[in-house]
Each structure stands twice: as C-alpha cells, then as structure tokens.
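We call the chains A, B, C and D, going by the order they appear; numbering starts again at 1 in every chain.
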Amino acid sequence: MGKARLEAFSDGVLAIIITIMVLELKVPHGTGIDALVPLVPVFLSYVLSFVYLGIYWSNHHHMLHATRTVTGSVLWANLHLLFWLSLVPFTTGWMGENHVATMPAAAYGFVLLMAAIAYWILQQRIIATQGSDSILRVAVGGDWKGKVSPLLYLMAIGLAFVSPWIAMAIYVFVALIWVVPDRRIERVLVGKAR
Amino acid sequence: MGKARLEAFSDGVLAIIITIMVLELKVPHGTGIDALVPLVPVFLSYVLSFVYLGIYWSNHHHMLHATRTVTGSVLWANLHLLFWLSLVPFTTGWMGENHVATMPAAAYGFVLLMAAIAYWILQQRIIATQGSDSILRVAVGGDWKGKVSPLLYLMAIGLAFVSPWIAMAIYVFVALIWVVPDRRIERVLVGKAR
Amino acid sequence: MGKARLEAFSDGVLAIIITIMVLELKVPHGTGIDALVPLVPVFLSYVLSFVYLGIYWSNHHHMLHATRTVTGSVLWANLHLLFWLSLVPFTTGWMGENHVATMPAAAYGFVLLMAAIAYWILQQRIIATQGSDSILRVAVGGDWKGKVSPLLYLMAIGLAFVSPWIAMAIYVFVALIWVVPDRRIERVLVGKAR
Amino acid sequence: MGKARLEAFSDGVLAIIITIMVLELKVPHGTGIDALVPLVPVFLSYVLSFVYLGIYWSNHHHMLHATRTVTGSVLWANLHLLFWLSLVPFTTGWMGENHVATMPAAAYGFVLLMAAIAYWILQQRIIATQGSDSILRVAVGGDWKGKVSPLLYLMAIGLAFVSPWIAMAIYVFVALIWVVPDRRIERVLVGKAR
C-alpha cells in the first residue's frame, strides 16, 4: 500500500485543524481597539497552537519521507495521532477564553502529551515495518527532543496547579526547541546517499 | 477517467467530516474539571464516530487500490456514500448532547446502515466495471463483515427502543470487528503478484 | 503551468463547500422524532445542493480532463466559478430554514444561474487556450444541457414569485437532467483515441 | 525534500480559509429582500477577501513553480504566510459586520500588510536556496507590485483614521493591480526555455 493517500489525508486533516482554530476568534461586537483586548489571550493561544501544529506537520512530513510501506497498523497509528491533534482547537479555545486558568492549562498539556505519545507509537510502528536496517531508527536514534517533550508536558500539567502561567511558559519553551527544523532525518538520508 | 481525483476528493470530504465533528465539542464556560463532565458523552460519541470514519477511510483506500477505471456510476456511487457519511457529525452530535437517548441512538444507527448500503453499492459498481475477472470480487468474496454489519445496525435500531445503551454497545462491537485491518484485499493482491 | 494544482485546489474548495452545508443541520434540542420535523426542509435543500455540487464536481472533473494548459485567465475563471459555488451553502440554508419562501427560492436560483454562467465562461477560456482544434469545443458542441439550464434557472427565479414550489420543482428537474453522467467528453476522447 | 506536500498543504489551508469566510454570511431570519440588506457590507468584504486570497493562491502557485528545493526555513516561512492569511476571515468579518468602521478597516489592512511581508520573506528564503543563478530572483527583479503594495497598505491603515472608506478604496485598488495575472515568472521561465 502506497503512502501518497496517507500523506494527503493527514495533510487535509492537519490543514483543517489549523484553520478551524481561527473560528474561535469570534468577531468582536465593538469597533474600538478595546474590543480586541479580550481576544488577546485567545489570539496568543491560537499562535502557540498554530506553531505546535506546524511542528507536527513538519515532523510528520519528515518521518513519512523516511517511510516506504504503509501497513494497517501504521494507518491506525496515524489516525490515532490525528485524533489527539484534532482536540487541540478545543483545549486551545478553553485555555484562551479563560485567560489561562488551571484546568484548561492542564488539559492543554494533556492533549499535547497524548499527541506526543501517539507520535512516538506511529514512529515505532513505522520502524517495525522497516526491519533491522530501518532508516528511521537510525535517524531518530538520538531523539532527545522526542524523549524530553513528554516529560516537560507532564511537569507542566503538574505545575499548572501551582500557576497556569508556569505551564504556559513550559509549552512555549517546548515549542521553541522544536521550531528549530528537524535536520536529523535529512542528515541521515544525505549520509546514506553519499 | 483516472481515479486520482476521486481519491483526492473523497480524502478531502472524509478529512473535513472527521474534523468538523470536533466542533460539536463546544468550549465549556467554567474552568473546573466539572465543566468537562457534561461533555463526556459528546466526547465518547466523537471517539466512536472518529473510529467509524477511520474504518471507512481505510476500507475506501483499500477498495480503490483494487480499482482501475472510474465510470460515471462509480463516481455517483462514491458521492452517495460520502453523502451518508457527511450526516455522521449530525447524528453524533444529537446522540452525544442527549446522553444517548432512544431516537438519537436509532438515528445514529440509521445513518450507519445507509452508509453501509452505500458502500456495498459502490463495491458492486466497481466490480461491474472490472468484468468477470474482478480482483475486487475475489477479494471481498468471503466478506462476512460487510454482510453482518447492516444486520447488526438493523438490530441496534430496533433495540434502541428497548434501551439506547444496547444499541450503543452494538455500534461499539461493530467498530471493533472492523478495526482489525482489512487484509482480505491485500492478501488477494499479494497472491496475484506471486 | 500544470493543471494538477488547479484540480487539487478546486477539489479542496468543493469538498469543503459540500461538507460545510451539513453544519446548517443544527443538532435539535429535543430527543423525539418530532424534533426532526422542522429539519425536513433544511435536509431536503441539503440533498438538492449536495447533488448540484456533485454535478459541478463531476463536470469540472471531465472538463479539466480535456484541458492541457492553465493560463492566468483560466485560473481566474475557475476562481470565479468557485466563488458562486461557495454561496450555495448560504442560499441553501436560507431556503431550508424558511420552508421554501419566495425570496430565498429566487436567491437559490440566482446563485445557480451565476454558477452556470461562470462555468460557461471557464469553458470558453479553456477552449480559447486550445485553439482551433480544441477537443473541448468538439465535446461540448451539442451542449444542450449547458444552454437550457440557465434559461430554466431564469424561469424558476421568475416563477418563484408565483409559487416558490414551482421554482423548487424546476431546480429538481435541472438536477435530474444533469445527474445522467456527462458522457459527451468521454465519447469524443474515446473517438479521438480510435 | 520535495515540494509536492508543501503545495498540497498550502492548497488545503487556502481552500479552507477562502471557504470559511462564507460562514460569516449568517443565514438571515426574514424572508424578504430587505433581510439581505444588512448583509451587503459583509458580502462585499467577502468578495474583496476572496479576490485577495485568490491572488495569494495564484502568486504562491507561480512562485513554487519556480522553486525546486524546500528547506526547513522555506517550510516555516510558508507556515508564517499561512498564519497571517488565516486571520483574513476574522478581519473580514469584523470589517463587514461594522459597515467599514475605522479600527476594523485598519485591522484589515494590518493583516494584509503582515501577509505581504510574510510573502516577501518566503520569496527571499526560496531565492536563498537557489543560489546566485536563482530563476525566482530574475523573475521578481522588477517586482514593483510587491514593493508598492505594503506602502499602500501602510497608507490605508493611516488614512482609515481619516475615513475608513479611503482605506477600503485603497484595498480595492491594490487588489485590482494584482488581479492582472502575474506573467513575470512565466515570461522568465519561457525565456529560459528558448
């Protein structure tokens, strides 16, 4: 089974998720600049989630680049990842509308944590289909970002009960370490080609 | 006529349907964990429908893999299937918001039943274009899942009037028997290739 | 300039339009079957518009199949068509929610009329790029459907002021004459290949 | 890394943005033609934004046509552009619902300005990947439209505080100078092929 349709479907779902979030930015009723003020936290949550979904799209792109066969279990692991990502607009909206309260901030982290786990499962399923000389296994060998992120999300969920702003700071930090483009797979692929 | 655009359009519609459902998960007004409680049945209905749409996408993927020509009747049979699937977010929302009441549970089953029939019609139209040596006909020869599912949906619709939870249990059961990836077509394709 | 991206973008927009309409089917508050009754006209308008958009998608598919080059004017003629089609969910909702009143029924016809004109313009732009031996020109030579439909829409808009149900009947009639798949282009293409 | 998925994702996001805007055209409650009157400014804003997004899609299409490699920084520059474009439905709705008031008209221009800057950054990133003999650099050499537009947006933002209608007139004017299809890249590509 080819991977083209899996990519197309994932692109479609991610494109919709990233765009649906903006529907949370409901058109304000006033016309003054003060009418925008209550939207600021919603807007900032939207920016953060846009970056997270961009990271997922970019990494998903790289990972499937190093994938050849799509088995049934890869297909379902991919749907599982998309499921958790589809909940991002919900937790983004909840966090934004409540100006970063405790439970919404923790829920935001929970969905990010589950997405990170789902991404890891998908990665493992693809490596399993590639056997012992898996390009992807080599590529993600020193995947410290993938290992550190879930731990940071867990920390953020716990610290949200101290202050939701600490959780928020951790989410921004994790996004920043990922925005640096993931050159690991590219490097190994280039190395193999030489 | 090629099948690439049919796949692309179907992927687009399925991606949108699967993502639109999450819009039913309206952002709660409170910030406590109790604000999430009324969302639990909506959330569970969403999970179930996400799995169903995943099953349809996966099976549609397999079926078109074994398809070569797309005639006008295949095209319309496909649109007919997408029509019924596009109603899933509606019945999902109705069932979820009413904590699994009788009529919504029956309506949910009715849409699943019509989608199953539409899928069967699409399958027959494709087999008809392939003539007597149809790969797809061989592949779905022992299609017990495809035969049993509509009967189970019918049962569920009837039993919803006894208890909507019985109907719900049947929907979960049908989803489970399908989540096991459909290896029938793969097997025949592999068999042919040998 | 290739046509692949034009097709992909058009498929995307059409897939979204066709799916967005179902959002008009707002989840009813009651749980009885009577809660569905006020939705019946909305549902029927949705079915009609789904069929119309299916017809446009199918014909667009055929037309681009007979297209080679995409110039700037083809690209804008295509966007112009998508613009009018994007208004279909609006007039569908207006007509459905008002149980087929005069103005909404006329507005529905007006948008269909403008889409038909936009489709005709797109067709002319493509024929112009193909020069004197245009496959598409031959294919649509006896295009009585394309010529009759705008006249019928005009009639329907006028007759909506007598009774919106006459307009409705005309819209159903036009849809029916189109649902018969458009074999004209296929026939000419097959004829050329011989 | 290939550019096919970047194009597909961008097409998806642009298709969704362009279609989501029409959701702002909320179905009116009355059935008379007067029920449409308050929608006129919303409708006109929608037309303007549809044209702007069409321009972006068309130019993006041309630019990627002259692009070969997609690096991490191109990918993020593209996401940055999509981010600002995703805010267009929001400012469109705000401007339309308030019948072109000062702040909404200025906000509309601000988002257009940021999108223009994001487009310019993306262009620079692509030129950087192409080295000294960049096709794209030659193609956009005399890019007076790209240089003039941001200045006009800035002017419009300032003049919105004199009268929002002057700002509006400038937005219409900028759209008009762009609707003329961008033949620059085509010309250079054709020139190279000779």
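One rule holds for everything that comes next: contacts are C-beta pairs under 8 Å (C-beta built on N, C-alpha and C of every residue); 3 or more make two chains touch, one makes a residue touch a chain.
This one's a predicted model, so the numbers in the text were calculated from it and none came from an experiment.
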{"item": "Homomeric contact subunit A-subunit D: same or different residue positions, threshold half", "value": "different"}
{"item": "Far-end chain from subunit B, centres as C-alpha averages", "value": "D"}
{"item": "Chain centre separation in whole Å, for subunit D relative to subunit A (CA means)", "value": "27"}
{"item": "Rounded Å distance, subunit A centre to subunit C centre (Cα mean)", "value": "37"}
{"item": "Junction residues of subunit D, two or more chains touched", "value": "8, 12, 15-16, 20, 23"}
{"item": "Of all residues in subunit D, those that touch subunit C in their complex", "value": "7-8, 11-12, 14-16, 18-20, 22-23, 25, 27-28, 31-33, 35-36, 47, 50, 54, 57-58, 61-62, 65, 179, 181-183, 186"}
{"item": "Touching residues on subunit A, where the partner in the complex is subunit B", "value": "1, 5, 8-9, 12-13, 15-17, 20, 23-24, 71-73, 75-76, 79, 82-83, 86-87, 89-90, 93-94, 97-98, 101-104, 107"}
